[in-house]
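Each of the two complexes below includes chain A, the first together with chain B, the second together with chain C.
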Partner chain A sequence: MSSMKLLSLPIMLLFIGMLSLSFGAYDLSVKEITWTLFQGGKFDFVINQYRLPRLILAVGVGAGLGLSGALVQGVIRNPLASPDLMGISAGAGLAATTLLVTYPDAPLFMLPVSAVIGGLAAAAIILAIAYNSRPTPTRLALIGIAISAFLSSAIDFLMIINPIEINTAMVWLTGSLWGRNWTQVPFIWCTLAIMLPFAFWLAWRLDVMGLGEESATSLGINPSKVQLLALLSAVILASISVSVCGTISFVGLLAPHLARMLFGHNHKALLPSAALLGALMVLIADILARSIHPPLELPAGVLTALIGAPYFVFLLQRYKGW
Partner chain B sequence: MTTYGTLLNHSLNIIHSEKIMNLPYFKNILIYFMLIAFVIAGYCFSLLAWSSFPLNMEQVCGYLFAFNGNSIEQQILATIRAPRVFTGLMIGANLAVAGVLMQGLTRNPLASPSVLGINAGAACLMALSSIGVVLISDLPSILVASLGGIVSGALVMLLGGFFSARPHPLKLVLAGVAINALLVSITRTAVILADDKAYSVINWLAGSISNSDWQQWQNLWPTSLIGLLMAIYVARNLNLLALGNDLAIGLGLSISMTRLVSCLSIVLLSASSVAVAGPIGFVGMLVPHIAKKLVGHNFFLLIPASALLGAALITWADAFSRSIAFPAETPVGVITALIGTPCFVLLAIKSKQS
Partner chain C sequence: MISTENLSIAYANNTIIKDLTLIIPKGKITALIGPNGCGKSTLLKGLSRINKIQSGKILLNGKLLHHFKDKELARELSILPQILVTPEGVSVQRLIEYGRSPYLSHWGKLANEDKQIVAQAMHDTGVTELANQSLDSLSGGQRQRAWIAMVLAQNTQIVMLDEPTTYLDLAHQIELMKLIREMNDKGKTVIVVLHDLNQACRYCDHLVVLKEGKLVAQGAPDSIFTEQLLSDVFSLQAKVVSDPIANTPMCIAY
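This part shows the complex of A and B:
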């Protein structure tokens, strides 16, 4: 039953991917799309150079964010934890924008590298605070949001004192897939290719960790090692996603929650389904962003926030551990 | 033995209270003098500093005491710099006092118009009205901003459980953060869909007073004055409220009345600021904490001290914001966010577990 449900997600992804190729400033039919994909033709640029890379990037980025959120929530056992609420995304974004502003001619591969460094630094800061003051889950969320706010105000500052094109600014302020092309595809998909198997390796260990640290140790698991590895991979996934398309907020929070509702708490099903749901969310947000008012384009991050923020309020209402 | 002990305690108390009576009285006067000096220094500095025209103190004196319409420098001071500085002073005072009221009302050290979504709500409705949404685009801007502030503030209070039996401070702040995120994305969507000259709106959304003129000052000061007077009026009630709801009711305080007047004052103060300058964040959260360190927790002293401190902070921040990319302008809201957010982080870490 569960595997059937899990299978339905990729099918939905395929279907919505098709929609993503057909919608836009110029609507295309399914026949035209398949023709163009295999043979090229007059829509070659629109499909193969513009919509297809965006589709692939949206799926990759969403999967990265969803997986990262599931890992963070699995380790921290905090329903309000997610890479963007903990300042990891903002840290990665700040490092990436700093690089863009100070060395505009830096080689392309430096962007993900600097994003990962920024994400790791932000994660280190919040973990140091968490380690020292042992906050409750809600307080940790608040501290994360505060750090996030600081880092995003720094991004704001960089964007405003270096006036640039509005779409570029929107990418880094709210997250958008505007102007992304094939060059960014290898970064996110290579990361996913490494991290997905690794997440499966972590899956049953995270399940065992759920029994409590003592039981986990007696079952032959080193809890701090698993925690560290899972957090590290979560930070890398989130940072690389941010380096591709900015901070698309609330996906890392929403996807794991949705996955848990649909597939329960078993990490073997939870991790892949969170990744798939994240991919679906970013893809749908990107489609809407492009097709609400073409040719104008909204940032995808704005649309995810429109769904994510009310859901966060809903979580607060339901949360009982004050 | 016990009587002797209580007597000793009592006399110690008297000595202690005399100390409180005399020394801080002097201290408070000194602090007020320093704050006023700080404001005046900020005023002069902001009038003069980082101008494309060389200005000096002599011209400021000339402008203030013997205005000469033929001097280009004095004309610049009178028509460009002075309204800007006055607007900055007023907005700083507004936001700081709104912050004091919110922190007193919710007894929450993190509360402020920007954190609890009032600024974002006002800004959101302003943006919607400026792109011509029916009904609200015909109203005057101050009314639109107030409406947005009221709606979003009420929503945050409701969702954050402020009216529940046991309000939790963190829940309120987290609800504020979420509503903020929602409103900011609605604002951005509206602005981008309206036209693609959105860059100026990014500037406005960061909070800037660089375009203020005397017209805006005319719109700003009456509402601000009413708001500030209302704030002073509820100071005594807030002092009582600080003792806890039950004790305050026992002392004859009408809680709902206090809440109503302070909320009205908060909305007037922050909405008038947002209508002129966009949402300038973190002044309302930061200033009350500094003022509390300086003059203590009595709202009669706290409100004027915060007003002065907020006014000074905005004018200094505005002056320095001009220096960053001179001769281009940097929105002052970016500077206050850069100063204010680290303090937000510190407060979030330090604020007591309830």
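This part shows the complex of A and C:
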């Protein structure tokens, strides 16, 4: 039953993926798309060099963000926790901006590397604060928002004092899939290829952690080890996503919540469904972003925030235990 | 078999257990008793490696406790903590399946043998009919039985229970103590923290009496449970009489 429901997500993804290939400044039919995918032809550039890599990136980034959010929520047991609300995305963004501004000629692979370092640093800061004060969910969210705001202002500062590089950084920071191509595909998909099996390895352990640290220890699970591994995976997934297309906000919060509503708390279903739902969200946001008012494009991150921010406010006012 | 040598356990510079040397008899039910704050729970958490120890040794089957791997230890001993977190949306059956954690492969898949053990544990604790119900929908007594079933499914030689009767009414307390006796009849060594001294005397073979982190007395209830002990340890004036049902010692405080 549950696996049938889970199966509906990749089918939806396939269908919407087709839509994503067909929509744009020039609408193409399914027949034209399939022909081009396998045979090339006159739409070769539009499909194979432009829309297809963009589709694959949207799916990868969304899956990364959804999975990252589900891991963070699974470990911190906090419904308000997510990589962007905890400052991880902003930390990754700041590190990557610093790289773009100071070494514009740095090799391409340095961007994800620096993003991961930035994401880890931000996670370390928030965890150090959280470790000392044991905050309530709302408080942790507030601390995260404060750190995010601080890091974002540092990004703005960097861009203002380096006006020449501002264009490169701007395009990248707004959380958009515009101007992305095959070069970014391996970054996110190699990360997913490692992290997805690892997430399945964590699934049972995260379930047992729901019984509390003492019971988990009694059942042969080392809570600190599982927490550390899951958080590390979440930070890497979120940071690499940021390094590919900037901050697409709220996907890491919304996808796991939706997954929990649809598939329950069992991580073996929750983790893959959060990844698939994240992929669907970013893909739909990207389609809308470029088809609302073509040829002008909105950043996909703006669209996810339009849905995500009100939902976050809704969650905040539900948790009254300050 | 589990034993300690010169064991000390501290919480934030505050030594709770002091220089404790103890042998827990194998195949028996041992009750840890003593006044509030005497270190009963701390000792249990130390013995189960939930808490770090400060100095001294804990030996399990002749091997130092901290030399065990996490899963290996979880196949030897299990502990039911005093405060149990009820996770959202977990069914009784699933909770009991968690008891198989130390035996599972990397991907957490249950083998047929695991499923049989889970079914047996549910049968033994009488929760089979509740299998598909959500844990948070159960009454206190039912929930405690489900937790005990999880511990049974873990199938360890040593079982530790930290105040398992605290939130139960008297009828469910007696039911639970009988369940513990049944576990013991199947050869398990049980270590249990209890507040009700009369229940400890009636259902347990061995008492370990602690005061301010130190061992005051240990032995069979018949030989150590005296009015003098109650006065020394609990500052309690009481008369010790014979339990009319079980013939074990029983105290009446005044």
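The rule is simple: the second predicted complex is superposed on the first by the 309 of 322 C-alpha atoms of A that agree within 3 Å, B and C clash if a C-alpha of one lies under 4 Å from a C-alpha of the other, contacts with A are read in each partner's own complex, and residues count from 1 in each chain.
Criterion: a contact is a pair of C-beta atoms (placed from the backbone, for glycine too) under 8 Å apart; a residue touches a chain by one contact, two chains touch by 3 or more.
Predicted model only: the values in this text are computed from it and were never measured.
K.L.:
Once the structures are superposed on A, label A:276 by its partner contacts, choosing first (chain B), second (chain C), both or neither.
P.N.:
neither
K.L.:
Please indicate which partner A:201 is in contact with in the superposed arrangement: first for chain B, second for chain C, both, or neither.
P.N.:
A:201: touches chain C, not chain B.
K.L.:
More residues of chain A are touched by which chain, chain B or chain C?
P.N.:
Counting residues of chain A touched by each partner, the higher count goes to B.
K.L.:
Output check: A:76 vs chain B and chain C. Expected answer is one of first, second, both, neither. What do you get?
P.N.:
It touches nothing on chain B or chain C.
K.L.:
State whether A:136 touches chain B only (first), chain C only (second), both chains, or neither.
P.N.:
Only chain B is touched by A:136; chain C is not.
K.L.:
Just chain B (first), just chain C (second), both, or neither: which does A:309 touch?
P.N.:
Only chain B; A:309 stays clear of chain C.
K.L.:
Can you tell me which positions in chain B touch chain A when the two form their complex?
P.N.:
Interface residues on the chain B side: 110, 159-160, 168, 170-171, 173-175, 177-179, 181-182, 184-186, 188-189, 192-193, 196, 198-199, 202-203, 206, 324-325, 328, 330-331, 334, 337-338, 341-342, 344-345, 347-349, 353.
K.L.:
Would you mind writing out the residues of chain C in touch with chain A in their complex?
P.N.:
45, 48-50, 70-75, 78-81, 83-85, 87-90, 94-95, 98-99, 101-102, 104, 106-108, 154
K.L.:
Please name which positions on chain A make contact with chain C in the complex.
P.N.:
200-201, 203-205, 207-208, 210-212, 214-215, 217-222, 264-266, 268
K.L.:
Can you tell me which positions in chain A touch chain B when the two form their complex?
P.N.:
Residues of chain A touching chain B: 80, 129, 133, 135-136, 138-139, 141-143, 145-147, 149-150, 153-154, 156-157, 159-161, 163, 166, 169-170, 173-174, 249-250, 292-293, 296-299, 301-303, 305-306, 308-310, 312-313, 316-317, 322.
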